[in-house]
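Following this line, the structures themselves.
Shared between the two complexes below is chain A, which has chain B as its partner in the first and chain C in the second.
Take a look at the complex of A and B:
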């Protein structure tokens, strides 16, 4: 499994880099509005406008990219933290598990965006 | 006239010797001192993206399931545990973003295509301004201001 991950490293690295960029630029604002301000009642969301925004082709693309790419960035970073703490022996299993989670999340993201 | 050619394997030992590579081990004072703490905070913060993106997936799925599902999800986000998690995630991810942009120039070559790399300070300031702008833009779009 480690040999396969080594072969896929350029692709994973690309997804990781993209995920870091997208996650850094977009995720804080999503968390602030949808996770803090709206639940606290500080702001009121215009649900109709939000639905229209999410269903726009560009909105769908932004939703998908903001779901999928940071999943890969998080999986890659978590794998390397395990490695830093001496997890080399289990890297084949843990790395594969984390990347499978990211792959599954990306697939579910495509389905969720498709069903909007 | 003949030419002499060196044989590339002339100095190869007849038998493979035992490897002298040391076992990998963490550096001294890892992870409690110096830059290691900030390095780990950065790594864990990036890993937090995994959870936040998974939560965003739930939001998008609930949008697809209809207004009632979306409202129910937002109501569940009012639970103190969710609020605490999202507040922590916002602060941590913002720090990761600013730290990531500060590291960005070090990952770039001295020449980008035919051009010389812009000064590091300019790159970092530009990226941080982009972060501020994108945060404001996404916030305004989500609130329906734009």
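Take a look at the complex of A and C:
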């Protein structure tokens, strides 16, 4: 399993890099506006317009990227935390488990975005 | 002015006699402008001639005198003794086998450096074909800082991945590989990238950034490794766009580029 992960490292690291970017820039802005400012009434959002934007193909892509990429970033970072704490022996199992969870989350993300 | 004294707690290990390392304390008079290495040299000359430590240039160029000072990897000829309190702990660099006292085994490190082919591949062939290799200032700046490494091995002592993964090539070797990949005179990027992304290569790095933190020459090995990761991702993605070139088998001429062989 570790050999397979090694072969896929460029893809995984690419997803991780994208996830770090999204997680650092887009996600906090989304959480701030949709999760804090809108419920507090600080900003008023037109829900219909928001859904229309999200249902546009580009909107769906942005939603998917915002959901899926941070999951890969988290999985990759957790795997390396385990490695830094001496978990090399369990890397094949733990790495595969974490990436499978990210894959599952991404699949659920696709379903959610599809059903918007 | 009253004479100042400090106690150096030095790790001692004699492979012929000791099972595990021990420490020995030396209380010595020190001068205000001393570096940690000056104190060790004083102990060796005046107090205990059996102490073994490695040093040479005393000007942060040769990279010989790296040791763990109060738990942190430092170049002892550069590190002021005044930066520490009354007690200063000096130990050999972490993550290396110890030969004796403060002297560590460098063979594994040297072997790792060689693995990344740290020489310009096919430079002579290109010069024969094209004449003198020309390089712009901007092209030089792409890799110059990675050439400043003095192989002091502090980055290996600080790196958590080196501590845990025996096959990891390590910060200095990977940064050196990246340095040659960035050099426009070099033609070994395809074969070197294969080594850099293999087991123990750049993707093993967890970006703790400790290597860049401890580097006494201001080199940024962590940055080099991240750039090499990105290059490898782009290299991987390019496969789907442009037909893949097979990595060349090293030619006799390319081998002759290796320092000491031709």
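Couple of notes before you dig in:
As a working rule, the second predicted complex is superposed on the first by the 116 of 116 C-alpha atoms of A that agree within 3 Å, B and C clash if a C-alpha of one lies under 4 Å from a C-alpha of the other, contacts with A are read in each partner's own complex, and residues count from 1 in each chain.
Going forward, contacts are C-beta pairs under 8 Å (C-beta built on N, C-alpha and C of every residue); 3 or more make two chains touch, one makes a residue touch a chain.
These figures come from a predicted structure and were not determined experimentally.
Once the two complexes are overlaid on the shared chain, A:84 sits against chain B and chain C alike. Of the two partners chain B and chain C, more chain A residues are in touch with B. Contacts of A:6 after superposition: chain C is touched, whereas chain B is not reached. When the shared chain is aligned, chain B comes close enough to touch A:49, but chain C does not. Of the two partner chains placed around the shared chain by superposition, chain B is the only one that A:32 touches, whereas chain C remains out of contact. In the overlay built on the shared chain, the residue A:14 is in contact with chain C alone; chain B does not reach it. In the overlay built on the shared chain, the residue A:108 is in contact with chain B alone; chain C does not reach it. Applying the stated touch rule to the two superposed structures, the overlap between the chain B and chain C interfaces on chain A comprises residues 80-81, 84, 86, 88. Interface of chain A with chain B (complex): residues 19-20, 23-36, 38-40, 43, 45-47, 49-51, 53-54, 63, 66-68, 70-71, 73-75, 77-78, 80-81, 84-86, 88, 101-102, 105, 108-109, 112-113, 115-116.
Every residue of chain A that touches chain C in the complex is listed here, in rising order: 6, 9-11, 13-14, 17, 80-81, 83-84, 86-88. Chain B makes touch with chain A in their complex at residues 24, 26, 30-31, 40, 43-44, 46-57, 59-61, 63-64, 67, 70-71, 74-75, 77-78, 82-83, 85-87, 89-90, 93-94, 96-97, 100-101, 130-131, 134-139, 141-144. Against chain A, the residues of chain C that register as touching in their complex are 160-161, 164-165, 197-199, 203-204, 206-208, 229-230, 232-233, 235-237.
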